[in-house]
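Quick one: the structure is below, questions incoming.
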Amino acid sequence: MKVKVSRKAHFNAAHRLFRPEWDDAKNLAVFGKCSNPKYHGHNYDLVVSVTGAIDITTGFVMDMKVLKDLIISEIEDAFDHKNLNEEVPEFAELNPTTENIAVVIWQKLRPNIDPEHELEVVLYETPRNFVTYSG
Amino acid sequence: MKVKVSRKAHFNAAHRLFRPEWDDAKNLAVFGKCSNPKYHGHNYDLVVSVTGAIDITTGFVMDMKVLKDLIISEIEDAFDHKNLNEEVPEFAELNPTTENIAVVIWQKLRPNIDPEHELEVVLYETPRNFVTYSG
Amino acid sequence: MKVKVSRKAHFNAAHRLFRPEWDDAKNLAVFGKCSNPKYHGHNYDLVVSVTGAIDITTGFVMDMKVLKDLIISEIEDAFDHKNLNEEVPEFAELNPTTENIAVVIWQKLRPNIDPEHELEVVLYETPRNFVTYSG
Amino acid sequence: MKVKVSRKAHFNAAHRLFRPEWDDAKNLAVFGKCSNPKYHGHNYDLVVSVTGAIDITTGFVMDMKVLKDLIISEIEDAFDHKNLNEEVPEFAELNPTTENIAVVIWQKLRPNIDPEHELEVVLYETPRNFVTYSG
Amino acid sequence: MKVKVSRKAHFNAAHRLFRPEWDDAKNLAVFGKCSNPKYHGHNYDLVVSVTGAIDITTGFVMDMKVLKDLIISEIEDAFDHKNLNEEVPEFAELNPTTENIAVVIWQKLRPNIDPEHELEVVLYETPRNFVTYSG
Amino acid sequence: MKVKVSRKAHFNAAHRLFRPEWDDAKNLAVFGKCSNPKYHGHNYDLVVSVTGAIDITTGFVMDMKVLKDLIISEIEDAFDHKNLNEEVPEFAELNPTTENIAVVIWQKLRPNIDPEHELEVVLYETPRNFVTYSG
């Protein structure tokens, strides 16, 4: 009897999409205005879901306060009000597309979640563009 | 060719999280402010989804008016403007966590849905905390 | 050149609508299911707006971090996860309708806001019912 | 390592639900007010999701600008500000229920998506009624 | 001490924008795809607000159940699942732009609201286009 | 008989809050993490409202297509996917707080709106922080 519990969070960050070995013209051709060398930014909305059995004592799959604090310490403290390209080590050489950011978030959270639980990350770059990753 | 049809509903209720065999201090330690003996409450949002084949005559998997009325009679009439702990029999001895409420809703709806159809329940306790259960 | 700055917050609480001098039947006739003696509850959404001139040095009408902290200390700490009727002194003898809660919130915030600034409170009891008060 | 990327779009259209071989009374009995012969309409919200591996060069599963333009050319240009029954050929003899519209959208998009990618369509007829189809 | 109470409702309808004395080409030039002679449609969201003093006995400006029922009887029953041009008498000779629909809604509600109360109507044709009218 | 028509738009941008004559420590003390010298960013949502009489011929206060195109040419083309501090001339020496951005947007739109019409700008920096300016 598995249940999925989900917690919503958010962070605001600057980024640009580009490959350093390409010149500006090629980056513009591939990544459009997202390649602006001066950066742009987003209010990222994040939904983290953990799936497992309900603990009979608490009635919880996972304490949402624990999940909330984990998202703060692992993700918000690292990403919020930051320049993803320049200030978040995981993106020093990795293009911070929504896909790659979602995978990095999943990888940062996974070791902190009960190994018997499944983990899913949904990341909204805008209300119109979003990505789902579950390992 | 399976299609999932979803219907959104809502109810407003009071509840508290606690185990009666624990004292207030232990309940506070485990459940935090959700254990307040005087209760607190939520606007619960509910999404009920039914998955099956499209009926060729109607073009429906399931008539949404029937699903809407079923949610009203089985869930809203029983839960809306109620104290879940004190007035809803299923929670007389079951802690009304979002997980447990979602499972109870699923169990109340399941006998009323075509056995060939799958049933999924998503229950939002707040826009930031929600639970998914599909049996 | 006046600008209105707004900050959104939320709290979850239980309440009931009733007049103590009326019996249950009369309270039910006037307040409907909102009069349930066992209480029900809501996720209240709150928008607090402050109107004034932009400070030339900061570019702020009011520092939103200060407004956020003020809402936490004056409103969220007092109302969140509480039974409004039984645990919030302002409603010991005042019916906690959305109208009255909005007025109480305004009265609690007003002394903490620059007297030259206007103050407006919008309180959502549900996404479908809300109230606006500005003194 | 599969990732799902999603893009939200919308179109506004008129439609009615009915079977031409039934008279108005039977259509009303089965389809309710949705069978109004003079039509009614909706703001349809559409979420198209494509699942596949992340391209190492771009960091994309699929370029969202390409997906956005594909939804415009295949769906919005064909459906937006149209009468689905009278002006969209796919519904000349197919009842435009949300289920059938979602399937038609999926069938129109599928040939334009990389065959190695999975495709899912979520179509909201209203914020309260929606349908998911993935082939 | 005036308070504004607001109630949200919705209806789904078909319409077209056009002037009958103009030919299709001129209507298209002025009203764009909204002039489609076969109609299109929307999920209209409606917010009705009533401003007045709080009644000391009830704590209400106006009973929201009464306002809800009034919107159903005066607006939803008349507009929902209808073709505004062909089935709603007020638009027999009046172009059903969002502006004109909002004014008609206000005029239909005004006689049913306490004369000492102010009335405001906000009508969303889409989440991106909306109109406010207060007499 | 004045009606207010509103149009929603959005743009994504990077910015930082700071005064160039202050050192990093003082900027951090006043503007918090918003002063990060490497920038952060937001999905800004913008609601532009124009108030005036309904034109009897069209039923419009102002053609929403014209307003939409005006917002694109004056605001989105100038602000979207830009670094507000470094790439938008209005903020070369003006701190891009939400208040100041809203005023700049109003000033850029005002000359393009009928002088008999009132203009209001609501700018959301996040869903929780927003600003209203009407001249």
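Going in written order, the chains are labelled A, B, C, D, E and F, and every chain counts its residues from 1.
Keep in mind that, in the parts below, a residue touches a chain if its C-beta (ideal position, glycine included) is under 8 Å from a C-beta of that chain, and two chains touch if they have at least 3 such contacts.
Keep in mind that this is a model prediction, so the values were computed, not measured.
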| item | value |
| --- | --- |
| Fewest touching-chain hops separating subunit C from subunit D | 2 |
| Steps needed, at minimum, to go from subunit D to subunit E via contacts | 1 |
| Interchain centroid distance [CA atoms averaged], subunit E/subunit F, Å | 29 |
| Whole-Å separation of chain centres (CA-atom averages), subunit B against subunit E | 34 |
| Residues within subunit D bordering two or more other chains | 127 |
| Those chain pairs that satisfy the touch definition | A-B, A-D, A-F, B-C, B-D, C-E, C-F, D-E, E-F |
| Touch list for subunit E against partner subunit C, complex | 1, 3-9, 49, 54, 57-61, 64-65 |
| Interfacial residue positions of subunit E with respect to subunit D in the complex | 10, 12-15, 33-34, 36, 38-43, 80-83, 86-87, 126-127 |
| Of all residues in subunit C, those that touch subunit E in their complex | 17, 19, 30-32, 94-100, 102-103, 127-133, 135 |
